[in-house]
Structure formats: structure tokens, C-alpha cells
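Shared between the two complexes below is chain A, which pairs with chain B and chain C, respectively.
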Partner chain A sequence: MADSDGRQVVSINHSTEEDVKLQEVVQAKCEGKELTKEEKQRLRKEKKQHKKNKKDDRGPPEKEKEKEKASVLAPSKPATQSPAHKAAPVPVNASASESPVAAEKPAKSKAEQRAERRARQDTERASKQGKKEGGQQSASSKPKATPNELQPVVKRLPEHIQVDDPAALKKLAKKLERQQVPLRSDYGYKVSLFSHLHQYSRKNPPTQQISIPATVIHPSIVRLGLQYSQGIIAGSNARSVALLHAFKQVIQDYSTPPNEELSRDLVNKLSPYISFLSQCRPLSASMGNAIKYIKKEISNIPSQCKEEEAKRRLQECIDSYINEKIILASEAISKYAIEKISDGDVILVYGCSSLVNHILCEAFEKQRKFRVIVVDSRPRLEGREALRRLVKKGIRCTYVLISALSYILPEVSKVFLGAHALLANGYVMSRVGTSQIALVAKAYNVPVLVCCETYKFCERVQTDSFESNELDDPDDLIVTRNGKTHLENWQTVKSLGLLNLVYDVTPPDFVDLVITDLGMIPCTSVPVVLRVKNVDQ
Partner chain B sequence: MPGADKETDLSERIESFLSELKRCGSGAGSLRGSAETARETTALLRRITAQARWSNAGDLMEIIRKEGRRMTAAQPSETTVGNMVRRVLKIIREEYARSRGSTEEADQQESLHKLLTSGGSSEDNFRQHFAHLKANIIEAINELLTELEGTTDNISMQALEHIHSNEVIMTIGRSRTVEAFLKDAARKRKFHVMVAECAPFCQGHEMATSLSKEDIETTVIPDAAIFAVMSRVNKVIIGTQTVLANGGLRAVNGTHTLALAAKHHSTPLIVCAPMFKLSPQIDVSEILSKVNAHCPLFDYVPPELITLFISNIGGNAPSYIYRLMSELYHPEDHEL
Partner chain C sequence: MELQAVLMAAGGGSRMMDLTYNTPKPLLPVGNRPLIWYPLNLLERVGFEEVIVITTKEVQKALSTDQRLKTDVKLRLDVVCIQEEADMGTADALRHIQQKIKTDILVVSCDLITDVALHEVVDLFRAHSATLSILMSKVHEFTETVPGQKGKKKAGEQRDFVGVDVTGKRLLFMANEADLDEGLVLRKSIMRKHPRMLIKTGLLDGHLYCLKRSVVDFLVHNKCVTSIRGELVPYLVRKQFSKSLNSQNATEDSEKNQKQQDAHHNLELLSTSKDEALLQLARERSCWNDHRGDMSEAYHGGKLRCYVHIMEEGMCYRVNTLAAYIEANRVVPKLFEDPPIHPAAVVSERSLVGSDSIIGPLCQISDKTSIKRSNVGTSTTIKEKVKITNSIIMNGVTIEEGCNIQGSVICNNAVIGRGADIKYCLVGSGQHVEPEAERTNEVIVGSDQLMEI
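After this line comes the complex of A and B, so read on.
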């Protein structure tokens, strides 16, 4: 294959020479000389080349690119290439072999033309296919060319930030239809700055359109999706753990259909579940990492493994993931964090982070003397849950709303924040309001410590809270004060919009320290950790 | 007897005004804006001037000071009351001085140098009786009332100078001055407003509905999202409860966070405040006077975070506020 390609590459440059040779051979034939086998072969090849040159007038750059790519990629990925390129030369060969036979007849022009046309169509089809494959291959095989160094990632934009693109929406609808997952429609007037994000209403859960017995989605996943969309399960750790437990149930109930391999079929079974869950609520970074891990484990199941054995192994993997990445990680983080808590501290926490609550409870058990200020914000008011847990332990707490931050901050000695994800450029993605707390704490020179497990580290980069975010139900902002509900009919007023953001990003210069299970690192060391993790895997 | 009737009528009015003040707090939950309070206070002071018994300026000032102390004690956070009392006291001094024919004393407050060196050395005891003093004072107070009535309009007239097309403006809570300011600009220009709702009283909701009725593109955001959206905001325009003598603000809670976020993004912070909100107090500890289960009503915003003050007499930088103070109030009246 490489040979003929090479020759083709060479022969493009010598097209005029080939033409001359062709003429000679045809002349020789007309003169009745007998052609040897090699000459016949050469003739066929040259005719083919001639025809190719004619088509080059139509689309020379495409073909040349394809051929060059083919020649570069030939050593790396011959298998997938060859069908595409074999298709190209074969019809041409056929037509080339046909045409010399018809060459002598004066009516050859018609047959020749027809053959030419057919060959042209075939090559164009093949070249289109080859270009597509070539394109993908050139992108994905470039990393092979420069291994382990800067890997240019082919970015397929995630669907959930392309809501303003009708083509992307159509693609999503088609995909969901294929997977038999209901499509959830957006609700209400969206603020123009966020028209690229989804905005759903809690009153229309996606499960309304599913009929339970006839659905392709496992019931525990349906329940999970409902819990996500109604906000019953919230918080990145809780969501990940619930997801993994639901997947355990799915694996338990799974049985391999005949003629299928568990490693491939199970992964395909999980795709509609994941689409459904992301319709209920966009996936968090921690959930994304967990799913990647499970898919990897499933595809690594050796094919000779029996089904029971495989299922048991997967359950163990999931258990160990939860144990290592979440439970033991929080123990490690608590140990590091407790070193940072001294007697007499006044610690400020925001919202309800399971990790930060755990740290504070541990510190209290280790007899540290401190008091806590819980800052809360509308409309979620998650701080009340944190307050409940801390007060139950017996820790002295104060409760304020985020607008009272400037008032309370002079008393604070440290700020502990949880994170939803840590981005590769060092920004901290967390509940909306976190960046504000970090900003004001910086203005008052109060140290800010972020606690985050390493499984929440993510490869994305983001610089502000607009690019990728989540819009919660706007009706949550409606409230009654003094007997009046001003925003009750906000939908009827044309120019009024409600914005209920869920996340925001904190720049790394506001954060003094990140406490992870690997140790205490500055915010800017996140890509180092990611790289170490990737090398391990 | 007509005199006694007038007096009882007067004291009745004063009592009812005091009880009104005590009842409705200021800032959040107030049933009336501070402009209204200022007007009512001034009207009441005019009535006192007209109906109370006094023979010379000194007596009048004593009476007004006494009533002023009672009024400020009734509602310490409503500073416009005290400000109006001080304005009237200054009017009385000026009118007295004019009647006496000496205009140099009025000039005494003009230069900074004299301000530092003189320090209230006018040895007048205001005991001289002038026949037309009452009429002059009442006329001056009427002028003050006219000025008060026109403050919101004067501020709104400057709106088009500061707001251009397609801007995104952020504000917090509900300020009638800012509302009028934005509505005036919206008549000619199209822009987008983001209102931070300012929990727990959520006065931002009222502001948003009122603005959107005038076809202004409005968005309500929770307080927690202030920093998150600040990168897209071009200007921050806020109202305030009081302007302090050093150019700082005493404003609704959450304003300090808003000011810090604006500073971080280098977004200009514009305060729309009429002159009657200017108060001679600088004491910061007084800010935290209204604390109720850690739900502070006000924030202190230092002058470094403020870009511009728009008042009924035009635009000013925070560093100029102390001069305006000296034009409005007499230093001896700073303590009522």
C-alpha cells in the first residue's frame, strides 16, 4: 500500500512525463506490438494515474492532502485507512484496465467517458470519506507523533453550553430520540448573557414523560435523576456517591445478551442513562470523573472473564473508588486541615460543604477551641443545613446572610471554603457567592483555605462565571415580604428576567491554600496534580 | 387664647411627627423615602418658627435645637432629620447676620485657612431683636423646601450625561433617587440593569418590577452572584442612606461587597445622593448601631471605593465632600 501510495505521490509531480509515456504505450499498442505483463501493468497504472490527473483539475488539493496524510499515517494506522484508500484505487484500476481495451475502438470515447465519470464519482466519494477519516486521524494521531508532551485536545464542545446554537440542539434531540431519553424543554425568559445555557423549571421534571415499565432506563437511574432535578440530592460528593451506588445497582441487574461482550455492551447500556441524568441536571465535574473511571474499568474487563466474576469485580472497583477518593480522602484532608486550626480561632464557612463540615466536626472532637460563623445566601439557603449539623455537634455558631459579610469579617481569623471542582488554570469553581467571600476576605487580609479532594480536579479552564455554568429554576427567587410578592408575575413583564446562578469561579489570587488528599498545595499547582494523575493512569 | 391654642397645636404636631419617626424605621421597611422625611422635617421646623414664641434668634435656635435633639433621639438612624435641623440653624445664623448688616461673618466659612484658624470664634450671642427676622427666616426656609422638592429632578436631569447606550448597570436594593435617575435615562437610551435583591428584605424586587414597567431590560440577581456577574457590568449606580463627612457612605448592607467587587474589576461606582443626605458625622462605630441578631441594616463604604457623587448641585469627587459640608452647615451645629 505504501508503495503504490508512494508512487502516486511521486507520479503527481511527473504528470507530464507520464502523459508522454502513456502516449507512447498507446502508440505501441496501436502498432500491434505485444505488450509484456509488466508493460501491461505499467500501462494500467499509468492510465489510472492519467485519469487521476484529470480529476486533479477538479479537486487537486483535497486529493493531495489525503494522499499526503495517507503517506504520513500509513506507518501508524494502516488498518482503518486501507479500506478507504483501497476503495479509491480499485475502481480506478478497474476503469483503467477497461479503458485500454476500449481505447482502440473509435466509440471508445463514450465508454471511456462513462468509466471516467464512474471513476470520478468513486474517487470523490472515497476522498470525502478519506478526508473525514484523515481529518480525525490527523488530529488524533498527532499526539502519537509527539508522545507524552503537549497533547492538543480535539475539543468537542459539551452540549450543555451550546443552547443558543440550533444545530447543536437538533443534534441533541436526535441523539436523545435514538436513546429513548425524554428531552427537557427550557423554561422562562433567559437573561441574554446566559442564552447559551439551559434553564429548567423544577415543576417539569423530565420523568413526567417516561412510562416506567416500558422504558429503556433502569429504575434506580430514574429515581436518581428525579432526586437530582428536585434538589433532594445536592452537593458534589453526595451526587457522585449516589451515582456510583445507582451504577452498582445497574451492574447487579445487568445480564449480558447473547453474542455480546460485557465490556462493550455494558458501556453502551450506560450511555442513555448518562444522557438522561444530564437532562435532569447537568453533570458535575466529580460525576464526570467517576463515569470516566467506571467506563475504563468496564472496558478493561478481560473477555474470558465470566459474567458473575466480572460483575463482582466491578462492584469492588466502585466500592474502592468511593472508599479511596471520597472517604479516605476526607480523612486525609481533615488531618492536614486540623493542623491549620488553632485555639481561639473564628472560622467562617459558606453554604454547606460536606468536607468542611467534616473537618470542623473532627477538629471539635480533637478538642480544638474555636467558633464558627456560617454565611448563607438566597435562594438556596444551604447554610441552614450546615448550621444544623454543626450545632448538633455542639460547636458555637453564628449565622449571617452574605450581605452582612463586611460587617462580620473583621472578627474572622480564617475562611474555609469547599469546592465543586478545581480547574486546570487554578480557578476554583464553587457555589455562587464563594468568589465574593474570597474577595472581601482578601480585602480584610483574612486567609482563605479551599478544601478539595483530587477526584474533583478537572481539565477544563475558565476565567469567568459566564462561559460554563448552570442556571437554576428562576422561580426560586420569588419571595413574599410584608405580605407582598413583587415578582409573582415576572413572566408577564416583558423586560424582566430572573437570574439564578448555581456556580461561580474564584480567581487563584484570592485563595491562599488548597488542602487536598495529596497535601497542601497552592492553587496554581492543580495542572501538576492532573498531570501526575494522568501519568499514573 | 390664640397663643395657647397655637402652642398646643404645635406640640401636638411635634409629638405626632416623633411617633411617626419612632414607628417606621429608616432604610429597609420604611414607609417613606428620606426625601419625604426631609420635607416633613423642614415643614415642621417652619411651623415651629412661625408659631413658637421667641423674641430673638438665640431663643429660636435654642428651641429648634431642643426639638432637633428629640427628633434625632427618636430615630437615630434617620439622619436627614438632623441634617435639616442643622440647615435651618445655619439659615437662622445667616439671616441674623444679614439683618445685622455684617456680611464678613458669612464669608468666614469660605476659606479653608479661616476654617482651621477661626473655629467657631463668632462671639455673637444672637440676642438682638430684628423685626423682620421671622419673615426672612420663613422665606429662607421656603427656599429650602423648594430646593428639597426639586432634588430628585435635578439629579435625574444629569442622567443622560452619565449613561450611554447598551450599557449594563448594576444597582442594589431600592433607592428612589436611582430609580428616577434610570427612568429618566431610559426615555432616550437603551440599556440593561441588573438589580441585586439585597436580602433579607429583598427590596431589589420592587425596584426591578418598577424599572421593568418602564421597558428597561432588568434582571434580578441574588446577592451571592454580585461578584460573578460584575465582569460584565459597565457602571455601578447606587443610592445611599447617608453621606459622611469624609466622603464615605452609610448604605444598605451588601453595598461594601458591591463596592469591593467594582473596585476589583475597575468598574466606576457612582452614588446618587441629594445634598440633604450629607451628614457631619464621621464616627464609624455609630454605623453598627442598628444590629439585630446579626442582621445589620447598614454598611460602611470607605471613600476610596467611590468614584463619583451625583447630587442635585452636580457631580463631585468624594474628596470634595468636606467642602460642601462647610457650605451647608455651621461647625457649631455639628453637635446638636
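After this line comes the complex of A and C, so read on.
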């Protein structure tokens, strides 16, 4: 390192340079490591710009390759690993590298040309050194470049939000082919803001290309995938429970091949199943956490454990996970939440959240006097199901559509919302429309309480609903009234796109309290909970 | 394993005895392939690797010797023989092979020719954890003239009444006209749960059923059920709405109908697994319902569900009558890209074979013959100056010179004498038509066949 710097100093001294650079180099000599790092960074930046100038026509794929080379060698895990971490730095990086390029192109002074020449010499020197050191430097310089410039841990962008990138699609196709999982093709015109997400049609089920006695993928996983894609199992808790149930059956039917260890082979067996499920419907945060837990449990099985014993242990783990994180958690949450419900309350709920329904039913059983306003929205109209369950219990309910929200809010005393996931920066990810409810409630000074179990907390960070979302079947938006379907041939109209979003994020400013099984916490305490959880595990 | 395939090939073909009195129905040539090849091909295409075939000894012999079956079919066939005289129904046959059945089954009849996307039927079975899932298709009118038919076809007899719900997938009601004495009787419980029901009559039953394993066990306990289509399917459809299955205190019922209760219990209990509690939890937490408008949960809390997939377009034929046989022969060759003239056939150059005809292997077609819109089977010899139009010639037939055959079906090993003029006739197996005969609209069978009746 010092050697190259020394030579640098020499070369600078040789070429007649401005005093600024000399002064900097002198400073570098005196102040030691920090500045030399900056020098190195600058050089690397120049190297990159140099490369960009050379290979300008190759454009995005080159960027992609750099991104992927820059990633840490982490096993591919579904959406839970902070794609947003990468998403935020990547556009910044791109724009940072692009703006100097744009700035330099018109004004190529002698100084710049000399800088480029120097950079070229340094790259050659670095590559020679790198060959000596076994090529470690060049490899580590790239991943170090991005973290040094932009602090956060670099993770690979998950494929399901890179649909408009042909290289990522090709990678996904290759991976699915290797796992023998059928690739589901996208359907219909996608609105350009969301063209980086998948959009599937219910008329092309994922089972079209699977052999009928499903052999590659376990039958209960095929059944689960079908139920996800048709919406028969919907809702974060239901999906997680069904997933764990299917995994229990997979473990039951699993038999270790000879010369393999259960702890390693079973995890490999689960990967194609998870790919298949994410083809049917993108995985939810709660499912991701459940999968992480199972994989950890499987890999923690000691190798001398017999197969039957190991299977029994895994089944017990799954049962206890469901019991603790879902069933008992909902009991704990309803206990806390009932404290917040007083007699005479008018509670507003949105859509069908299993947890909120459970809370309200429990509160009703505990003889609290309140009435409920169920707000619903198209195209899912899940509020009807919530309405049915509450009315069956005996609770007095009112039903409105979300367009009537501001008319009904003056009557409301509290808003209870369910969540699909709680992000690490305190944002609440929930059914589309939730952020509107929270916004209007804030405007009317109505307290908003979000109920969420801790197993739905995820380490992702997201500030908008565009970066990572789910696009549902656009044909759901088509409605037939009086025998006429106006949008029947929407595909033929070139400038028309149907957008059926599933989730949106609510900022923590609109949420007054989050009720979890650990207690009632403010939205901003989510990272604390995550930290505590990680320490526990 | 998810599904086991069972192919029912022991049926006699009772509605086309003229064709089947010598040749068993599964071996009747359609488009120059034995009938049994078509369902086997369907199963192979979707990915089955082995099939349990229930059939008679004769068919089993043919399955192991027939060249076409051996080479084209790569499935592993597990052939179970039953006595022809035993007169077993399809349900009896399932009971017979109960030991081999380890998972849910897909029962196919040997006379089904279809290009359905089988995953549609099986997806209903999987997604809703259904007990029964069947395939039906819109009936196509048969346009070809059927030989030997006197008078107009009696339509409206033996209609099937099929009731489906609003989505068109759930099977609510199924009855055959023959079973209804005076009128259609609908239970109130069905109407209360599904106020909107569509009743369809123009449907053809494909005889393709997905059944849960517990149904086979139920059959073992109830030996009175003999036929799947005739008894089991209507029973299951009725039992969806039976009170005892849905009520909570089914276990507390008294001794009256004890046997029936046992049967019901068997049907229910055998389908529950240890993890039923988890599935129940998942369903409770899910915000999905299959119907709306009343206060009950998804599927009205019923454990027994029957689904139907109705094919709107596409081909689905059940070759169980002569008319269907002829229609199938007409349509099927267009599907498969076999060369119309088999390379092993010897076709003289001065003969005229139309583009919509197919000639099987080892045929000998002599000069100045004209074959239009016809299917000619294996090892058939056709001499000079023969004109064949719109006909089906099976295997091993000899047609002497100067014959004129129109709109007819000539069965295996028949001999048509020289100069015969055959219009819209059915010549039975091994029959000889004397030379210079003129037959129109007749069924020519041997005297021994007449004796059987």
C-alpha cells in the first residue's frame, strides 16, 4: 500500500501539477492513513469513471455486474434481507458516478487527462500487485468501495423486484430451471412505475407445467402454492400457519438419502419448494421469518441425531413456534388492546385482519360496550368477511367503503389497524389503503393503534410503496354491471394499464401506538425489538 | 406420491354390441390406434409414470403383444385381471384393488378421448381439498349418419341434470333422468346454502374422477355400491349437504342407521389427519370465503366437497355408442401428427387416397381405388377399382374388386365380396358379404351374435 503511495507521490512530483494537489499529497504524507484512504477512494472513483468512459455503450448490464460482484457471499434468502439497503445506495451510487462523468465530458482539461492517465497507471500497478497477492486486493476493493462510500451492509437485491432487468430475469430463469420449478410468465401491461415487479394472472396457474402426480415438488407444497395463488389462504398469519403446516408434512415424508446429513440435505430440499411458492405468490415478511427459523433449526440438528428423533424434534419446534408466535401472541396482544378499549368507543377497522378481529371478539366477550365501523375497499372487498365475523359474534357494526372515510371519521374514537409487516424504520406495511386511513385519522386527531405480532417485524427499510410491493391480477379490477363489462378488452388499448396494488407503507408519524406481544411500544422502537430478538436467538 | 391413476378397461361396451361382440371395447381401433391408447397417452402426457389397468385377460394379452401399445406407451402398466363373467361394476373393481391404493386416485375410463388440460380438474381437487372432482364437457351434436339406425334418434332420454353454483365449479346436484320418477327434487338445505344454482343438461360426463383415499376405504365398508358413476358420485354429491356430516354432534347419534353413520364416520374420520388443527387454524385466520351473503364460514363448514370442471372448448369424446365411435374416428386423426399413410403400407400409385384419410401399416391398396374421408386399419387388403367414402375399415379386412363402400363400418377380419355395394351398413366381425350384394342401412352380423341376446 505504502509503496504505491510512494510512487504516487513521485509521479505527482514529476508532472508539473497545481499546488493544490501537491499540498494534498504533502498532507497525505503527514497525516497518515486516513487521507491515504481518501486518496485511494478518489483513485478508485477515477478508475470507475475511466471504465465508464471506456465501456459507456454497455451501460446497465455492466452496472449490474458490478453490483453483483460487490455483494457479500450470502446465500440467497427471500425478501427479508434489506433490499432497500441496496436500493437506496445503488441509485445514489449510480447518480454519483454518472454526474461526475457528465460533468467531465464537456470540460476535459489537461488536469483531467493527466488524472486519467495516472489512474490508468495505478490500475495497472494495482493489478500487478493483485496478481502477486493472489488477486485479493482487486476483489476486496470493489466490495470495500461501496461500503466505504455509503456505510450500510451490502446485500443482493432480491430478484422479485428486478423484473425489468433482463440479466436478473435470466438469472432467475436459470435458477428455476436448475431446481426444476416452472417459471410463471408475467401478464398484461404493467404501469411503468411498477414495471420492476411481477404481475401474474390467475388464469395461468403455476401448476400448468407441473406433472400431475407432483414429484419434484412435494404435493402439499403444490397444494399450498395453489391456495396462495387463488387467494384461498390470504392474510399474513394464515399464510404462515399454512406454510408451517406444509413444512411439517414435508418433514414427515422426508427420508435422508445415503451419505447425506439431514441437517444439510433437508435445507437444500426446501429451496425449490420456496422458489415454487414465491412463483405462486411473493413471500410475505412473516413467511420469510418463519422460513429463516426453520432453516436455523434444521441446521442446528446435531449430526449424531437419528432421523426419527430429528424429525420429531423439528415437528415440535414448528408446533412451538406457531404456539408462541401466533396463538399466544394474539392472546397477549388482545389483553393489552382490551385495556385500550373503553365503554362507548366507536372503533374503526380496515379490511380483514385476523388479529384485530380476534381482539374485538375478545373485548366483546369481556363485556365491553363498543361498536365497530368496518371500512372496505375494492377489489378485494375483504371487509365483508370481517363484517360477517363480527356480526356473527354479536357486535354492532357499520360498513362503509373507503371513499366515505372522511365522512365517518368524526364519529370514530379509535382506529385499530392490522399489519402485514413492521419495517425497521418504523414504517407499517399493510393492505393498500391503510396509509390513507392513518392519514385521515391523523387529520381528525383520532388515535391510530397498530396491532402486530413480533414475528412480523422485519429488518427491511422502506419509505415508499413503490420500491417493493406486490401486483395482483389486473383482471380483478374488471367489474360486470348489468351484463356489460367495459374493461373487457383493456389489453387492446395501448395506453391503458390496470394497477392492482396489494400493499402500502404508513409512516410512523401517523401511528400512535403499536401493540405487540412484548407490550405497547411506539413505532420507533421497532429496531430495539429487533435487536433484542437477535440477541435472544 | 400425490395421485395414483386407475384405468377402467373391463367394460363391455354394452351400447355398441355390434362392434364389441368379438373385439373387446378397449381394443377397438380409433384412428388406427386401439381405444385404450388414448387415455394412456393423456396420462403419460401430464406426467404419470405408472397406471393401474383393470381389465380382462384378452386385453391384457393384447397390451403385452400389440406393437403400437408397447412402443408408444412408456408408462409402467400394472395390469389387474378380472373375470369377464363376474360382471363387476367400477366400484367393485376399486374394492378389488384396494390393497394397491395408497394415495388419492384418478379414475379414468378407457373410452375417453380428450385433450383437456388435466391440471384444471386436479387443481380443483388440490386447492379445495375436495373429496371428488370430475370432468364434464359440452355435448357435441353428432353429424355423421349412423349405419343401421332406423328412424330419428331418440333425444332427451337418459339426460343428466347437473347443478353447479354461481362460480360454476362446485357441484351441488347430480341426477340422471332415469333415476328420477316424477320430477326433480331439490333439498331445501342446498337452496339455503346456495340460493343461486345453475342446472345444466347438455353435458357429457367424461368419466374422469379424482377421488380421495378415504372414499376407497368407504367403498370397502359399503359393499352395496357397485358403480362409481351410477351410485357413488350421486351419493357423494348428496352427502355434501347431509345434516349428520355437518353437525357437531354426529358422534352422539343413536343406533338408528348405525351402519350408515359408521359409513359417514368412515368417510369423515379417515380424511382427518393429525395436523387438522393447524389447517383449521389457517382457514380461520384466512380472510377468504367461497360464497357471500350468509353468516357461515367458508364451504359452510362442510368437510365433503365435490367439484366439477366443465370444458367449454376442446375435444372430449366418450366412445360408448356407435355414433360416438364414428365421430371420434372422424375427428381424432387431425389431432396427432401421424403421417396419414403409414410407411409400412403398400399403396399403389394409381390409387387415390384423400388427404383426410388414414391408412394403417401393412395395408395393401391396389390400383384405381379411391379412398376418401376414411380410416383403413392394419393389414387390410383392398383390391382394384374399389371406392371407399366416409367409412371405417378395421384391421385384417379384405375388400375384393369393384366394391363401393359408403358411410359404413367394416369390423375386423370381414370379407367384402366382389362388386358389393354397401351403403351405411355395419358389417360385423368376421362376416362375409357375398359378391354383388347391395345393402343399405343394415347391420350385418353373424347368427351366433343373435343367439347371445
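Note that the second predicted complex is superposed on the first by the 380 of 537 C-alpha atoms of A that agree within 3 Å, B and C clash if a C-alpha of one lies under 4 Å from a C-alpha of the other, contacts with A are read in each partner's own complex, and residues count from 1 in each chain.
In the analysis below, a contact is a pair of C-beta atoms (placed from the backbone, for glycine too) under 8 Å apart; a residue touches a chain by one contact, two chains touch by 3 or more.
Keep in mind the model is a prediction, meaning the values are calculated, not measured.
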item	value
Touching partner for A:481 - first (chain B), second (chain C), both, neither	first
Touched partner set for A:388, first chain B, second chain C, both or neither	second
Partner chain(s) touched by A:244 [first = chain B, second = chain C, both, neither]	second
Contacts of A:235 with chain B and chain C, given as first, second, both or neither	second
First (chain B), second (chain C), both or neither touched by A:205	second
Contacts of A:501 with chain B and chain C, given as first, second, both or neither	first
Which of chain B and chain C A:401 touches, first, second, both or neither	first
Chain A residues contacted in one complex by chain B, in the other by chain C	none
List of chain A residues in touch with chain B within their complex	191-193, 377-379, 398-408, 431-433, 435-436, 439-440, 443, 464-466, 477, 479, 481-482, 486-487, 490, 493-501, 504-505
Chain C contact footprint on chain A (complex, rising order)	205, 207-208, 210-215, 219, 222-223, 226-227, 230-235, 237-239, 241-242, 244-245, 248-249, 322, 327, 351-352, 354, 382, 384-386, 388, 391-392
Footprint of chain A on chain C - complex, ascending	1-5, 46-49, 106, 117-119, 122-123, 126-129, 275, 278-279, 281-289, 292, 295
Contact set on chain B toward chain A in their complex	29, 192, 194, 197-202, 205-206, 208-209, 212-213, 215-229, 231-232, 253-254, 256-257, 260-261, 264, 288, 294-296, 299-300
